[in-house]
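What follows are several structures.
Across the two complexes that follow, subunit A remains constant while its partner is subunit B and subsequently subunit C.
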Partner chain A sequence: MKEVMLDCYGEACPVPLVKSQNKIKELEVGDVLIVQIDHSCAMKNVPEWARKEGYNVEVEEVDDGEWEVIIEKTK
Partner chain B sequence: MEQKKEKFFDRMKSNEYYIRWGKNPFTYVTAAVLLSLFQIITLATTKSPWGVSGAFATWGAWIFEAFGGSVDKWYYFASPGAQATLEGGILNHPDSWRNFGVIFGALAATLLASGFKIKKIKSKKQIFAAAIGGLLMGYGARLSFGCNIGALYGGIASLSLSGWVFAIGMFAGAVVGSKLLVKYFMT
Partner chain C sequence: MAREKVVEHYDVIIIGGGPAGLSAAIYSGRARLKTILLEKALVGGLATYTNEIANYPGFPDAPKGEAITNLMKEQAKNMGVDFKLTAVTSVDLHGEEKVVETFRNKFIGKVVIIATGGRPRTTGAEREEEFLFDKGISFCATCDAAGNTDKHVVVIGSGDAAIEEGMFLTKFARQVTVSVMHEEGKMDCNEIAKEAALANPKMKFVWNSVVKRFEGNDHLERVVLKNVKTDEEIPVDCDNCFEFIGYLPNTELFEGQLPLTRHKYITVNEKKETGIEGVFAIGDCTDKWLKQIATAVGDGAIAGTAAERYIAEKEIFDHKIMQSEKPGLIYVYNAIDAESRNFLANIEAIEKQHAGKIVVNRIDTYKSNGLALKLELEKVPAMVVTKDGKITEKIYELNESLIANQF
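Then we have the complex of A and B:
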C-alpha cells in the first residue's frame, strides 16, 4: 500500500477532477491518493466522483482555502 | 482580551449553525432555489431579467469614453436604450450593481467559510488559457446577446424559445471544450 500526492493547487475545475481520475487508474487496489486542492468547487466534485466510484473518501481542511481529498482505492 | 477573542472564534468554529450556514457549501438544490428566488426579485425590481456579461460591455464603453472615445456610432450601442444606459452612469445601472453584489457576495461567502486564498499561477499556460478563454467568452456572449445567465437562464425563465436554443449550443460547446481541455491543456 502506498500513498500518492497529487498537487492540484492553483488548478481550477475541472482540472483537479480529471487529474484525479487519470491518476487513480495508475494505482493499485489499497493505495491511497491524496489530492491537494484550493478550488472550492473541486472540494465538491472530486469527493462526489470518488464516492460514486465506491472508494473511501475523506476531506481534510489543511489551511484556509486548502483541502486534501484522501481517496482510498478500494476496488 | 486577546485570549477571550480567540475563545469566541474557537467556539464559533464548532458551532453547528455556523458549520451548516457559513462553512459547508449549500447543496445544488438549495442554491438552485435561492437563485430562482433572486432572479424573480431582480426581474420584479429592475424590470429586466438577470444578466451578467452585458454590463461588462457597458463598462468597456464607459472606460473607452473616459479616454475620450465615442461609441455612439457603434451598432451595439446605437439604440436609444443603450444610449440611455450609457447616459445614466454606473450608479443608475442595475446590471452593474448586481455584478458588484455577485463579486462582494462571493468574497463574503469565502471569508465567512475562512476559505479565502490568493492562488498561485502555476504555469504560463494558465495565463494564456484564462486570457483566450475570457476573450472568447466575452466576444461570444455579445454576439449571441447574452451569456449563460442572460441568454440561457433568463431566456428559459421567461419562457423564451431562444433560451433552449442557446442551451443546445452551449451544451455542444461544453462537450467540445472539455475534450480540447483534456487533450491540450492537461498534458
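Then we have the complex of A and C:
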C-alpha cells in the first residue's frame, strides 16, 4: 500500500481530472492517490468521478481554497 | 477486515453544504450547539455552478455563487461549526440517537438536518454516459466556459439556467446552439433573459427538439437532436454540450425512512420537520415551490432554530418533566385561558400539601406546544400523574381533591 501525491496546484479544469484518471491507472488496488488542487472547479468533478468509479474518497481542506482529494483505489 | 469507524457525538449533524445547510449551520452554531456539516464535494452546493447571482439580497454586484457561499462558510466556521468533506454512506434516523455514517466515521447526533440538495438531471439520450464529465458533456458553465473559447457549444434546455448560462457561454464560444423542446419563440425562462437571448447574434435556436443521441470517439463531436413533431434527426457538430434541464433531489439515502413525494422530494411542514422526530429537511431536496438561495437560507434559519428548540425541550422533558425520583404531577395549561390560569392556585395548594414528596411541573402551552404534544394529551388543561418516570394517569377535570387523592 503506497501513497502517491499528485500536484495539480495552479491547474484548471479539466487538467486535474485527466491527470487523476491517468495516475490512478498506474496504481495497485489498495494504494492511495492524493490529488492536490486549488481550483474549486476540480472539487466538483474529481471527487464525483472517483466515487462513481467506486473508490473511497475523502477531502481535506488544507488551507483556504486548497484541497487534498484522498482517493483509495479499491478495485 | 474493515477498520473500526471512529465514533463522534454531536448535537446537530447537517448533511449537505449548500446555502441551506450553511444557513442551518450558522443558526445552530450560534445557538452553541455542537454542530458538524458533512459535504461530499465543494462547500457551496449548486450555487457554485452559477456565474452570476443577481437576485440574492445584499449583493448588488452580481458576484459568482461561490463568492457568496464562501462567506457563508466563513461565518459558520466563526460560529464554531466543524466541517468534514466526505460523502455520507448510510443513515439511521429512527431512535433517539441518529446515526450518520461516512467511509471512516460514525457520527451520532441528537438532530439531523438534511440539506442534500439536487443534482443536474441528464437527458437519458443514447451514449450520454460515455461523454460525461470531461468528455464533452458538462453541467457547469462557470467551471468549463473558458475552455470553450472560439468553439461551438450546444446547450440543452430553455429554463433560466439554460438561457442565462448559455448567454454567459457566448462570451467565450464562437456559437451557442440551444435545443428547445417547445415551439418557436416559446421558452421556460424569464422574459428578460428570453429577449436578450433572442437578440444575441451568437445564439442559435433549434425549436421543437430534444436530444436523441451523442456521438464521437474519445470526445463528444456531435449532438444528434430530434424534432419532436416530425421525428426528423438533426445532427449538430459541436465541441461541447451543456445540459440544463432541471434537477433531481439527492434523497436516495433516505428512501424507506422518510416520507417522500412521488418525485422523491422530502415532505416537510412549516418548521421543516420530517416524519421523524429530531430530523429536519431543508432546501432543494424538499418539496417546495421556489428553489433559490434566498429560500434555501430561510429554510436553514428555520431548521437551525427548530433544532435548538427541539433539543432544549427534549432535555427538559426527559430530565425535569419526566423525572423518576419522586411521584410527579404535570399541569398543562394555557395561560390565556382564565379558568386554567386560576387553577394554578389549586395546583400550588396540592404542591404545599405534599411538600417534599412530589414534584410539580407546570407547562404553559401558550409559550410552546412541543412539550404538551410529547405527553399526547387529548385536550388542555390537563393533569398528568407520573410514577418512576412513567405516566400513570391523565386527568382532564379541574378538581383539586380528585388530583390530591392521587398521591
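Keep this in mind: the second predicted complex is superposed on the first by the 75 of 75 C-alpha atoms of A that agree within 3 Å, B and C clash if a C-alpha of one lies under 4 Å from a C-alpha of the other, contacts with A are read in each partner's own complex, and residues count from 1 in each chain.
The rule is simple: contacts are C-beta pairs under 8 Å (C-beta built on N, C-alpha and C of every residue); 3 or more make two chains touch, one makes a residue touch a chain.
Just so we're clear, the structure is a prediction, and the values are computed from it rather than from any experiment.
Asks: Quick check on the superposed pair: does A:19 touch subunit B, subunit C, both, or neither? Answer first, second, both or neither.
Replies: first
Asks: Name the contact category of A:34: first (subunit B only), second (subunit C only), both, or neither.
Replies: A:34: touches no partner chain.
Asks: So, A:66: does it touch subunit B (first), subunit C (second), both, or neither?
Replies: first
Asks: So, A:45: does it touch subunit B (first), subunit C (second), both, or neither?
Replies: Only subunit C is touched by A:45; subunit B is not.
Asks: For A:4, select first, second, both or neither according to whether it touches subunit B, subunit C, the two together, or no partner.
Replies: neither
Asks: Take the contacts of subunit A with subunit B and those with subunit C, and give the residues found in both.
Replies: Of subunit A, residues 14, 18, 40, 43-44 contact subunit B in one complex and subunit C in the other.
Asks: Subunit A touches which residues of subunit C in the complex?
Replies: Residue positions touching the partner: 40-42, 44, 48-49, 66, 83, 85-87, 102-104, 133-134, 140, 142-144, 146-147.
Asks: Would you tell me which residues of subunit A are touching subunit C in their complex?
Replies: So the residues of subunit A touching subunit C come out as 12-14, 17-18, 40-41, 43-45, 47-49, 51, 56-61, 67.
Asks: Would you pull the subunit A residues touching subunit B in the complex into a rising list?
Replies: For this pair, the touching residues of subunit A are 9-11, 14-15, 18-19, 22, 38-40, 43-44, 63-66.
Asks: Along subunit B, where are the residues that touch subunit A in the complex?
Replies: Subunit B residues touching subunit A: 25, 110, 113-117, 119-122, 126, 178, 181-182, 185-186.
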